[in-house]
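Next up is a structure, given as structure tokens.
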Amino acid sequence: MSNVIEINDYSWKYVNTRTPAIEGINLTVEEGNFVGIIGPNGAGKTTLAYSIDGLIPGQYNGIKKGTVEVFGTEVEDYAKGELQQLVGVVFSDPEAQFTAMTVEDELVFGMENIGLTLPEIQERLDWVTELTELSHLLMKPPYEISGGQKQRVALAAVLAMRPKILVLDEPTSMLDPVSRGRIFEVLAKLKAEENNTIIVIEHSLENLIPLADQMVLMADGSILLQDETQAFFQQSKLLLDKGLYPPGAMHFFHELKMKNYYQGKYPLTVAEGIDLLREIKGS
Amino acid sequence: MAEEIKTELSAEEIWTEEAGEKRSIGVIHIVITALLIGIGFVVGAFGSISFPLGFGVNFFWTGIVVQQVGAIWFGAWGVIAGAIFPFFSNAIAGTPFYVSLAYLPANAIQAFLPAWAFRRFKLDPRMKSGKDYLFLFLAMVVSSIIGALWSVLVVLKGFNLLTADSVPLFIWGWFGGNVVAGVVFNFILLRALSAVVIRTTAFVKKWWA
Amino acid sequence: MNKTLLGYVPNESPIYAVHPFVKLFFLLIVSLFPMFVTAPDWNIGLMFVIIIFMWISRVNMKTLKIYVPVAISMGTIIFISYTVLGGTHPEFELLARVWGINFYWERVRDALVVYFRILPMIFTMVFFLSTSRERDIIVAMRSVKVPFVITYVFAMALRSAGMVLEDFQIVRQAEQARGFDPTGKSLPYKIRQYVMYMIPLFALSLRRSEEFTNALVARGYAFTGEFSKVKRADYILTHYSYKYFDYIFIALIGIAFIALLIFRYGFGYFLVEQSWLMRILHGAVS
Amino acid sequence: MTEKAPYIQVIDLDFEYPDGTQALKEINLEIVKGEFIALIGQNGSGKTTLSKCLNGLYKPTAGDIIVDGLNTKKSSIVQMVKRVGYVFQNPDHQLFNSNCWDEIAYGPRNIQLSDEEVKERVEEAIQVVGLPKIYHSEHPFFLSKGLRQRVAIASILALRPHVIIVDEPTTGQDMKQSLEIMDFLQDLNDKHGHTIIIITHDMPIVGIYARRVIAMAQARIMADGPTGEVFTQTEVLEKTFLAPPQITQLAQADPDLGFNPGTLTVEDMVGQFLEMMGRRE
């Protein structure tokens, strides 16, 4: 597998701020990987996402050190609008991303920007609306639908451009648990059926953990920990120290471990947790 | 954002580019133009419907604040937005299409003049000194006089909507409606938000970036 | 119900079958009609035609209420402009003299002419606004090949106007939730209220400008450079096609305008001197 | 427990927006002083509208809301803000002034308190929310979302309402910040006796802090009761598109394991586990 993202000794300091938002980061992401990034607010997660999409340094003023390479090319060397065909970003506030009058126009906007022809647009529109279950909403104004639907529209609008890398910056922070689950269902389908590289920044770990191949912990502009998901969460103590609370089941087993009632691996899902509990109680 | 340094810029520094500073037109300016038209649309229509004198002329035109403050902060983009939005807000308030269209130069001047004064005389948009107030007030008065003369003489007379003897009433109406609303809003808004705006990427130092 | 710029039109309305460009064409051309017509008869006739169009389109007439004060205040202003501020004209026919103010027939007549000229112009605007959705305007602009950036700024402006209206409501509530109560307070106090509104409205827009920009850039939109020259597919236009009646409407509007000009300048029609309404009125007052 | 007279009484409340949307239907509710309530439900289920009705921003289309003996329909803004405070979801909507101190003073000034009293209340509110001194003269625009939220809460606190409603206090905050804000709301509840109502999607937070849950869906109240109880009503939760926190799911998953289906926190679960193990040993 080849590396689609290679970040070397990368630092970024916004103009007017005292300390860099990101400092000396090294990160590589393999093609087709599903990466979860977690960390407290102000850790530099969003800055990292923007750096991969070229919003930094394109739209922001600041000082950059090191390199951020996407598909082997430094992000600054892409022409305006070119990198965005390779990397798609979904933001946390869906409403702030809408600029069209109907869901359909919203979905088509990006495809028109990258110069697709009418048949291509039609084909992708059908694909993406089926994937995200939006067909019945096409004629509605995007700001009059429910929060969960809004975020699915925002996601679909990016997916329709078929970016090879998909970055989601807290895509479900405004959603209720069920709508949150549905966004992750779409991501699970993508992971299973397509070969996208997916990077998700999230506070809510419940849905993220079962999908993620790799996890990254950021704090104060640095990467503190990067590992495969299972191994990553065996470091629960470090996570708790950074104020990141693992999902209930995992947290429970962590507490048991602290009290020497449990020695094994932490469960990633409720189902795994139940199996473990049955084992313990059965023994 | 919380750790922002409080660097006190001087009025001079606000309007001049630092050595090596690169400023270029970007998508943000397009967005700002659109947002200003949007705000102006609502705020302007509100004024036009609440205090009408007729033909989009009114006693207290709240739209002026978007026009003038917008152009002070965002240069030519503010001027463009300030010229265009009254067209829509007037339309909603019941001004005929072509009358609205003909107001365009008057509105452009009203947006342009204060913005020009700030850049030409290096005034501080945070309204720090008496000079800032005086010059802005003068710019408001002069631009509103030009605006009033244009709109009333050229447009209302040109469209044959008024008698010669009632022209002064409309000139005063347009002028007063702008200046009073401008005095009420411009100073306060500039004081409240300029410190914020000049630190954002959207702020326009010259005319276009 | 479908939201138009001025409220709602029912789901089922014949106006939806009409191509958006036809509506824009109607606005642009029919707005000109009254400028060549001084006889109120014809202008009143035009108003009736537009009202019939509105009725056929099933426009909710209640939304038109906001124009009643506008129409009244404008009428009053015009009337005052032509009477109180009309000056002394010994050559005119004096109808009445009240508190030293001269009411001349010619002045009253001119006031009516102007008023009935302006009303149909407003009616065309209102007809357009109440039957066009935002998307229609975009389609109309795109179908006449207006540069994309202009239609897009326009679309975004409409969208942000909607947001500002929403914000406006919330900010007003937020002000109340902080104990701001304008009832029974002085005018300066009330004015202060409007001043305070403005601050969060601008602050919100500033914050949004950043988010919007990121969203646009992330969606591959470029304003300058190579990718801004990309040929856009204009997918939205595939939903709209000109039907035979669209051509008929365009032709009718165009022919009516040309006929108007020919009759006006070729044969001297539509002048106030030929107005039988004015003749009746003159007979009644003098 | 002694029967206390309700502080807020909602009787057959209906609310319809001017455009005809029915936002609340047949709401009946009693809130007693000192409660800590979570109002949960999908986006658009009517939570925010209900809150705005409780503090008189919206007047009922039908039915009545009695707050501290006053009918919201007949009460002035000033009367209501002294009783029920509502903190808006997006702090940007309620920030009017150019520095944080003035912002917090804005409410007290509006209800025309004397300068000394304004100062006293602002200082108190600043202390309660723990706003560091360096931010007092800073423009609220430049504060982080978490700090802006605190300024917003302080600005309501300065009006000293008995009931404080906070709309989505933890959205966009990380877990540590969320717990900080919630701990501080709990302090207000415990130490100062305020009645707290939070609107939230964050189920673990509900589990840890709320003692009572009101679940809404389609403009109606679907469930109302002690948190643990509501989280065991699986059918109702499905209807409201909600799911209990993961720890509760774990406790409920296999009844044979013997955990209390109303388990709300990890500590509780651990406690139960230790008890079971102890019993077995």
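In order of appearance the chains are A, B, C and D, and numbering begins at 1 in each one.
Assume a residue touches a chain if its C-beta (ideal position, glycine included) is under 8 Å from a C-beta of that chain, and two chains touch if they have at least 3 such contacts.
Keep in mind that this is a model prediction, so the values were computed, not measured.
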| item | value |
| --- | --- |
| Chains in simultaneous contact with chain A and chain D | B, C |
| Both-way neighbours, i.e. chains that touch chain B and touch chain A | C, D |
| Selected interface, B-C versus B-D, where C-beta contact pairs are more numerous | B-C |
| Chain whose mean Cα position lies farthest from chain D | C |
| Separation of mean Cα positions, chain D and chain B [Å, integer] | 42 |
| Geometric centre distance via CA averages, chain C-chain B, whole Å | 22 |
| Cα-centroid distance, chain C relative to chain D, in whole angstrom | 45 |
| Chain A and chain C: spacing of chain centres that average the CA atoms, whole Å | 46 |
| Junction residues of chain B, two or more chains touched | 4, 26-28, 192-193, 196, 199, 201 |
| Touching two or more other chains - residue numbers and ranges from chain C | 152, 156, 158-159, 162-163, 199, 203, 206, 208, 212-213, 216-217, 221-222, 224 |
| Multi-partner residues of chain A (each touching 2 or more other chains) | 59 |
| Category of the chain touch graph - line, ring, star, complete, other | complete |
| Residues of chain A defined as touching chain C within the complex | 50, 53-55, 58-59, 79-82, 84-85, 88-89, 91, 93, 96-102, 104-105, 108-118, 121-122, 141, 143, 157-158, 161 |
| Complex interface listing, chain B residues touching chain D | 1-2, 4, 6, 191-193, 195-196, 199 |
| Residues of chain C defined as touching chain B within the complex | 5-6, 27-28, 31-32, 35, 66-67, 69-71, 73-74, 77-78, 80-82, 85-87, 107, 110, 114, 117-118, 121-122, 124-126, 129, 149, 152-154, 156-165, 168, 191, 194-195, 198-199, 201-203, 205-206, 208-210, 212-213, 216-217, 221-224 |
| Chain D residues within the chain C interface of the complex | 52, 55, 57, 76-78, 81-82, 85-86, 88, 90, 92-98, 106-108, 110-111, 141, 155-156, 159 |
| Residues of chain D that touch chain A when the two form their complex | 41-44, 144-146, 171-177, 179, 201, 203-204, 241-243, 245-250, 253-254, 257, 266-267, 269-270, 273-274, 276-277 |
